[in-house]
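Naming follows writing order (A, B, C and D), and every chain is counted from residue 1.
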Amino acid sequence: MKTSHGCRGRLQYVILAEGPQGFHNVTGHFKGHALPATFLIILSLWWSTRNILKYVCKKQKQTFYLGSKALFHRLELLEGTVLVGMALTGMAVHQFIPEGAHLTLFKEGQWNHLLNWHHFTMYFFFGLVGVADILCVTIRSLPSSLPKLMLSNALFVEAFIFHNHTHGWKMVEIFMHQLLGLVFFLTGLVAFMEFLLQNNVLLELLRSSLTMLQGSWFFQIDSVLYSPSWALAWKLMDSDNIMFLTICFCWHYAVSFIIIGANYAFVTW
Amino acid sequence: MKTSHGCRGRLQYVILAEGPQGFHNVTGHFKGHALPATFLIILSLWWSTRNILKYVCKKQKQTFYLGSKALFHRLELLEGTVLVGMALTGMAVHQFIPEGAHLTLFKEGQWNHLLNWHHFTMYFFFGLVGVADILCVTIRSLPSSLPKLMLSNALFVEAFIFHNHTHGWKMVEIFMHQLLGLVFFLTGLVAFMEFLLQNNVLLELLRSSLTMLQGSWFFQIDSVLYSPSWALAWKLMDSDNIMFLTICFCWHYAVSFIIIGANYAFVTW
Amino acid sequence: MKTSHGCRGRLQYVILAEGPQGFHNVTGHFKGHALPATFLIILSLWWSTRNILKYVCKKQKQTFYLGSKALFHRLELLEGTVLVGMALTGMAVHQFIPEGAHLTLFKEGQWNHLLNWHHFTMYFFFGLVGVADILCVTIRSLPSSLPKLMLSNALFVEAFIFHNHTHGWKMVEIFMHQLLGLVFFLTGLVAFMEFLLQNNVLLELLRSSLTMLQGSWFFQIDSVLYSPSWALAWKLMDSDNIMFLTICFCWHYAVSFIIIGANYAFVTW
Amino acid sequence: MKTSHGCRGRLQYVILAEGPQGFHNVTGHFKGHALPATFLIILSLWWSTRNILKYVCKKQKQTFYLGSKALFHRLELLEGTVLVGMALTGMAVHQFIPEGAHLTLFKEGQWNHLLNWHHFTMYFFFGLVGVADILCVTIRSLPSSLPKLMLSNALFVEAFIFHNHTHGWKMVEIFMHQLLGLVFFLTGLVAFMEFLLQNNVLLELLRSSLTMLQGSWFFQIDSVLYSPSWALAWKLMDSDNIMFLTICFCWHYAVSFIIIGANYAFVTW
């Protein structure tokens, strides 16, 4: 008899094996995951490019760098605006799609579309990062590390929500979402370290690669759990799947490293 | 079949579902929670105002700041006295209200009002912070970061007590108190970082907003668990409630951020 | 129905409630705990006195401090020798008392007195700290922070051993030993921070007070679990006891703080 | 009734005691463990020798050190090449031995030799460290702390894989592999600290001794679980074994400390 992957998963396993398996609607999720996935991958590419450029400029010509400071400020302003825009889009999507919450939190004696409200809250915190970005560029008296702190906060909040996101799901689903929560937590940790130790280019690239891992893992979740053709092929209770997904996760990480490295080579060239 | 939110909650669930549900007196708690909640919110507003003032003074005029150093010392002395006063009030309340412990630890072969003794101990450690504040201002040879260390210690102790505070309670009660313990732990962590890295204004504001979160979450606990009219409306074993409270907690956090931000705008203006 | 304090304790509880309760010999432990308890309390008083003296010397007279450097080196040498001596005594006691292991690890097809070997290993690592102390004073080319690193290592090892020390015990026993393991872990963490950030007097005093907490909690364990008269009075499966011990632990901590503070007042005076 | 060592192990125990005990092929593992074990021990000796040499050179003659900088760069290049070579060997072994995966991930409706793919992934990440070493020496514009970051990453990835490596195994097997995962995690933590705080010789030696502990613990795992003569002698479900292995692990650690210390004495002499 095979056992599942952790205390949580194992108990889940025991309970589900005994009781009736909870029906879980999968079609609505696909759209919900593809959007943030694309967003996160673009964000990671953008962050890595900006940080590599900044590092290279700083190393090669001090004067040239000072000249381009205004440019970087303008880029930061743009970044903040885009972040706010993306967050508003995400929040609207989760409210006004047909399966959305339609701004109703409590309906007919029970909570209404709580998973949509979860996603809504996550987008909201990313929106706050964008607002902090914009405020920090426009108001000079604010400490310059504020956006880093807000980013780290937002990531910790996502990790916290993911940790409480998987009630009543099946083993493989839980495992995949817990891994996502773990990456969010680690990215938050790296962002917090950046907040404390400013101007460490490797930490910034590490954060970029972890952000890319978030995006690509979102796509992996989609392809395993919610794509119409594969959904039946995966046995959601088999612990062999856990062992495969463990190394699959590491491969995603390795690929994100290699992409960031290639980006570095491209930018310096 | 829905499952509960963690290893602890889930087992709790299994055990309670089988055995007789422990009766839990709720009326006495309301007063016990409203007091520290109000106290913590006032404290967080006061801390944020003081830290913003200090930061702005420092940035604008070095000379003006040096002149106001005596004022800040006097404010710290006042803060210490108020903290000691609040702690003594809290300790007295939990001993001498009708449902209090009346200084008796062991009565008729069993422990007497242990929850009151828990609260008593928590107030005592906050009192120690106040004492450290006063000592540090009056005796100059003491290291100036002592109050930060004592504060971080007090918060870790609260987190530890909260972690062992919820024996035999129901799922939603446990979850809400564990979240409170988590905030205390995180605030303690931030205070410890302040102790190591002095004069980082953002860490101080982060601590203020986490303190405000503690206060507002105390009120949320009251309104969910102990208010006369709502108490019956909440099903304390439903995991949907856990999922709602997760995002509710994040909203409290977002609101505390916004209030601290508004305070910043108000003070600098 | 009351439930126990954590995942570990709760499962323990369930299993023990079903199976026959394992008989647990208590008389041999009393001597085994009183020795390290006394040792740790003396050590904490000595450490706090030395660190306060060093801090006060440094603050008041730079010249006087330089003159007394030789004295501090001699004291460190003495400290190392005493530590090695205590460790050797402890190791010998656990081997050659009547209930000891008598240097036999495996006897009659099963492990022989593993708990004694556990204590033996703990003393051994404290002995290594003493050796590092002596080496560091005699050989000047060694980095001066070596003893701090060894101390932190020794404490982490103790915490690790305590974590795996309680197989088949009852709930209250496990809880008390886990708390001890927690204090060892925290003391190790503080010692590691001292290793990274040298010359922070408050961290050194925090370590002293945590060491005192270790010692006094050893005595508390003795009085709860192994003293002949009390042993029957404590119901080892009652979760009310856990809730009392939680605050009792905090009181021990508060007392150790106050003693270190009194020591500070005494030394500076 | 004895209980097992943690939440994971205990549940494992309960489940296995009820269900049929999963058959577990042991002969193929011996070769798989002896290779990395030898590799890690050689690596740790090499690292410690290099770091001690560097430290001593730096302390004694500033000029001599500057002259030998080219030598150290050449050594780093060699180290990178050897790491890549070892990683490629390890990856090939796990694919092309008779029990290997033969580059097939999915065969006959189920995952094919997942444990081999796990080991393959671990070697791959060590290979990345070697690549980073080589790149960092040849391309000067790269930040010099890149190899440390990659090493810490590789170690965290190993720890993560080990944590999900033991599905369906027996208690002693799980415990031994979890300890290995713990050492990988701690070594990763130390490497990350080295990345943040450069040129701390004690952290480098600590990493060396933890690496040696990894190697020697690999050998211990072999001798306990997979050697033909001992395999039957160990009862894999007995919690006394856990208690012995706990201190055995500490002894391995102490021995690795003493070997690194002897190496220090030898090199300085």
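Criterion: a residue touches a chain if its C-beta (ideal position, glycine included) is under 8 Å from a C-beta of that chain, and two chains touch if they have at least 3 such contacts.
Values in this document were obtained by computation on a predicted structure and should not be read as measured data.
Residue numbering shows that chain A and chain D use the same positions for less than half of their mutual interface. For chain A, the chain whose average C-alpha position is most distant is C. Work out the mean CA point of chain B and of chain C, and you get 30 Å between them.
Chain centres here are Cα averages; for chain C and chain D they lie 30 Å apart. Within chain A, contacts with two or more other chains are made by residues 7, 11. With chains as nodes and touching pairs as edges, the resulting graph is a single ring in which every chain has exactly two contacts. Here the touching chains pair up as A-B, A-D, B-C, C-D. Chain B meets chain C in the complex at residues 7-8, 11-12, 15-16, 19-20, 22, 105, 110-111, 114-115, 117-118, 121, 124-125, 128, 141, 143, 145-146, 149, 153, 157, 160-161, 164-165, 167-168, 195-196.
Looking at the complex, you find that chain A touches chain D at residues 1-7, 10-11, 56, 59, 193, 197, 201-202, 206, 239-244, 246-247, 249-251, 253-254, 257, 268.
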